[in-house]
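There are two complexes below, and they share subunit A, which is joined by subunit B in the first and by subunit C in the second.
The block that comes next holds the complex of A and B.
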């Protein structure tokens, strides 16, 4: 199995990412109540605020833990996990040692008489300690950094609520510019669903909550904590053009999503039904105050700043309003139309300076025509209108699908770029083969360029031309 | 079995809680005492501390790079001459292209801090050079090995301390003088212990005190017109990687000396009063820098 660069311009200092070998090995013992793993494993505690070890190849993330893990079910519904190990750092291991425990009680599983109760209730807690010895000649640094979190889940019929709060002690790191204040994160996610109706309401508040097993790691290396983004992930290219990225140094966000399906045969539903989806999200900075008059916020080697839980700042990081209507007109025709209004704080989210923040309107029309049961043709037109950054874009796409195969062609044209010489067509063609859990895809085309900074480190991704081959298998 | 598992967990938990928290109180953040350097120099003739080379890959359009400069300043404040920094301006962030962000005007970001050797090592507009840099700031502390790139400037200090507290294998005696727009340098490196490494010697010219533009995300405004650029790599006497001065693993006794002389014509734009000669020796195989020296140029 190889670890070659998945993206052009992707972190690969000195070829750390290149190589060929056996990256994972493990031995596992399991019986009814006990599971013991020695070797490489992935793990998540709760919502991931304290620990999420996972693999995401397309983003170059693989922070598997090499060590030992025990999972034990004391009684049904009461589970504990304990682990110790070091994280994968490309072909090496991260400097820090992780030790963690997680416990969870799901009362409906534990108490037999509640097994089928409409009301569901559970609690959980986790604790992670990172050990990294470091002889910094300038600062006294904590060798042991502890993070703890508590969580709760409540449900009744179609209603579900989950919430988690995490706290981390002083952890000067490259991410927070070596400040000593503790970190915290809080999230609530409430959902309601019944046939034809769904509602999601979420909020989160994050302050100085990046945790890595090496305090000097940057970009996407050896992350331990994971801060789920609450904004919606879009799949249409132009809607996903300015994606939100979680800001571990501080953010407050809220999201509402509403889904309704007009019944078949109703006035708006027509013969086959109509679905409408609305969503809104808004993310701000958190309010930070200086520790004294002479020390700017976030100065290296200080406490950093002061803030309090749910102190919301005035700076808008991100906002989106999106409406989507999908309708099946006949056995042959299906359409989906979407409109999105976006505010994107370019400097904060891309880690740059001096850019205008992007305000954009994006429209998408998609139509699918089923030629026969086996053959379908899909056409898509997307347009983005903005006066900032690279200006207006328009994208047209055609996709033909048949059993096991698909063929696609699209052109993304930056026709409104303020710099006339940069009004470029990004033309792509591709085809793929899908069978069972396997997918092979070959595309040829031109990619956009960009600058991106994460955790104080910036990289420039150049424009490129070429073939991309992707193979994925799930078993 | 069940009892054993629960007991194991309990012990594990207890250990975890006991060993897990190192809270540093406010006021104790700064370290008072420095790690001990090597033996004191009694003759005044040569260096007996292990000086440490910091290759700071940087760019004037890199808003996070001043963090690296601050760490170097802090180390210089504490360790003085033991810090041998070289600012290698390179990558996309070192460009002077008026269309690349931040946009240059007639007066801003149009001075080119880069030099041939720096671009070779750290890369130009569209590549990462020999070091395969994907991002700046990036530091290499006492090494030429790209796999040891450290992207966290505060981590450079830790790397610095690791080398500084060890005994030097070499001492340097470097002289540099300037006449007829030419720098002449004479380098004597003497082994302090028995050495059987292959050795390479690098000799650079750097310039301090160049006033120019710099992007700094921690400053208001972020585009600074009168930033002072120090330790800027100007040229090399003997190539980006220097010259191999010992090509085999034969033994060199303590006290053995290698001497080299170089001359180089300088660019008339440089202010020779602010220029320095930096010499360092590294193991040709492991790329570890064994000793470094930085001297003023006499006129």
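The block that comes next holds the complex of A and C.
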């Protein structure tokens, strides 16, 4: 089922998304070892660096593959997948043909005597070929683009290490301004956890790693590779105000996250325990040098530039420091407080020029009071302080919940806008009804414009004013 | 933009769940990286099973699972229910799910659905979304979103399903649809 007209703010690429029809059809055969799918399907290889075909309804993203896929378990712990097909390009199909294989071996499952061993080890690899006929009158472009990746996971007790490296041969495209440089991406993720404690350290390095099944596509269209953001995904409105977006043309990032739960009955834990979350992330550009004195970096039709793995540039793209403390005080009271310090490279991340980069401090206080077991009142205050962009914001929200119903009112006020006439209130009221797998929500108010990002692609949501009705149903 | 804009979003999905009421067969991963089949993880000796879809970035999910976690021991003692938490975190945070869950001390079986295969097969649009399965593995009841105090209703349903009682309320609603 589809929509006659594309929803406001959803990607459309010149009317491609308008229309009505049956978007997906497939036939599937499954037994213990084998799964065969013919028709539309979604797939991810490893962390998605080489291939991720997925659907994100809220963002209007759906790059399903129409073709055939086989998944086969050779022996327990040894899995292979193979696929061929074309990607959905809204109601049409993308020009390029994708062929891919992925294999993974988890040794602890494969070798019986290691089944319960504390030490865990696995490897995997994937390969994708994209075929698209050359269509350029000036340059000789490759018809076939090959991308490969290798990955490894090592675990011992509460410790886990996951790493993946991907390499793509030269793939001149609209994303990289048609340069002939190959692409690379490297991820390392180390975690440690035990009951009550979790630590995560990650780093990633990306260079020219955008891959689409149509070399001329842009925005969120027909992406094949998926470059996960290394920064945390925030959900409080003002914390998510300036979201990070992966930079496929080059970025280096690092993240540290720490979770700790003060035990019930301890001094800081109180009767119900207290959870604290700390996280820090920092992202830079990568160091690029010109291929020779007379060719500027990134010139179309050239090799583009030189760089080397983990060559970190001087320009800061993004940094956040965040502390969050959740505490249940009694059967009636629960609070969550958060503080965040942010640096946001506006020009790079929003694709503008000459805009001030944003330095902001953001505070959030959320409190829930349970009136009875089934009736509760939640209040939330969020404030963002910044001298750049639109200045300071404050948001207040009240929400009353009772069995099956919720009522909400909030105001997001741009009280610190340097332009006094733009100090707008974004006031909203709404209510909803929830029963079983159904949820209906009606809100009325003013929606501010903003950016929603996922997997290295962002979508601009325009400002709107009026009613919004949302019905979600599972039956 | 002064224009009044109506936005209407209808997400209707009909699935195999509606016909067979059984859990579709989909591959998931456990926190150790092992590939598991969705139909194998719901084994619980004929006792009820709750499948809770969540994400580490979803505040209502954390509230719901924290509330379930606090009551879990009592619920299991009384009804034998097993809770399975399925994370829909994508590659951005898949690898953080283990430490996130462990730090909170949740005692549920946790599985990763990084590309949303199980989520799609079960027609989950938003998280949190929970399914209560009876001892035969059929979906007896489901619930989306989390409102404060919802755990009371959830436990009522678990008790009824464990005792093999019909869920009258749900039946009435289905007739009126």
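In the analysis below, the second predicted complex is superposed on the first by the 444 of 475 C-alpha atoms of A that agree within 3 Å, B and C clash if a C-alpha of one lies under 4 Å from a C-alpha of the other, contacts with A are read in each partner's own complex, and residues count from 1 in each chain.
Throughout what follows, a residue touches a chain if its C-beta (ideal position, glycine included) is under 8 Å from a C-beta of that chain, and two chains touch if they have at least 3 such contacts.
All figures in this text were calculated on a predicted structure; none of them were measured in a lab.
Participant: Pick one for A:101: touches subunit B only (first), subunit C only (second), both, or neither.
Facilitator: In the superposition, A:101 contacts subunit B only.
Participant: First (subunit B), second (subunit C), both or neither: which does A:67 touch?
Facilitator: neither
Participant: So, A:125: does it touch subunit B (first), subunit C (second), both, or neither?
Facilitator: Touch partners of A:125: none, neither subunit B nor subunit C.
Participant: Between subunit B and subunit C, point out the one touching more subunit A residues.
Facilitator: The larger set of subunit A residues in touch belongs to C.
Participant: If you stack the two complexes on chain A, which partner ends up touching A:189: first (subunit B), second (subunit C), both, or neither?
Facilitator: second
Participant: If you stack the two complexes on chain A, which partner ends up touching A:445: first (subunit B), second (subunit C), both, or neither?
Facilitator: Neither: A:445 stays clear of subunit B and subunit C.
Participant: Quick check on the superposed pair: does A:352 touch subunit B, subunit C, both, or neither? Answer first, second, both or neither.
Facilitator: first
Participant: A:253 in the overlay: touching subunit B, subunit C, both, or neither? Say first, second, both or neither.
Facilitator: neither
Participant: Between subunit B and subunit C, whom does A:180 touch in the aligned arrangement: first, second, both, or neither?
Facilitator: first
Participant: Following superposition on chain A, which residues of subunit A contact subunit B and also contact subunit C?
Facilitator: 462
Participant: Could you list, by residue number, the parts of subunit B that touch subunit A in their complex?
Facilitator: The contact residues of subunit B facing subunit A are 2, 5-6, 8-9, 12-13, 16-17, 19-24, 26, 28-31, 34-35, 62-64, 67, 70-71, 74-75, 78-79, 91-93, 99, 101-102, 126, 131-138, 145-155, 157-158, 160-162, 164, 215, 217-218, 222-223.
Participant: Where on subunit C does subunit A make contact in their complex?
Facilitator: Subunit C residues touching subunit A: 1-15, 17-18, 25, 27, 32-35, 57-59, 62-63, 70, 90-96, 98-100, 102-105, 114-117, 120, 122-126, 129, 141-145, 147-149, 152-153, 170, 173, 177.
Participant: Tell me, which parts of subunit A touch subunit B in their complex?
Facilitator: 9-16, 33-34, 70, 72, 74, 80, 82, 99-101, 127, 129, 131, 134-146, 169-170, 172-174, 177-178, 180, 215-219, 296, 298, 300-303, 351-355, 419, 451, 453, 456-460, 462
Participant: Flag every residue of subunit A that touches subunit C in the complex, lowest number first.
Facilitator: 1, 7-8, 30, 35, 42-44, 47-48, 52, 54-55, 57, 71, 73, 77, 79, 104, 106, 108-109, 120, 122, 153, 155, 158, 160, 162, 189, 191-200, 202, 226, 228-230, 232-235, 257, 259-261, 272-273, 275, 326, 334, 336, 368, 370, 372-376, 378, 401-406, 434-439, 454-455, 462-475
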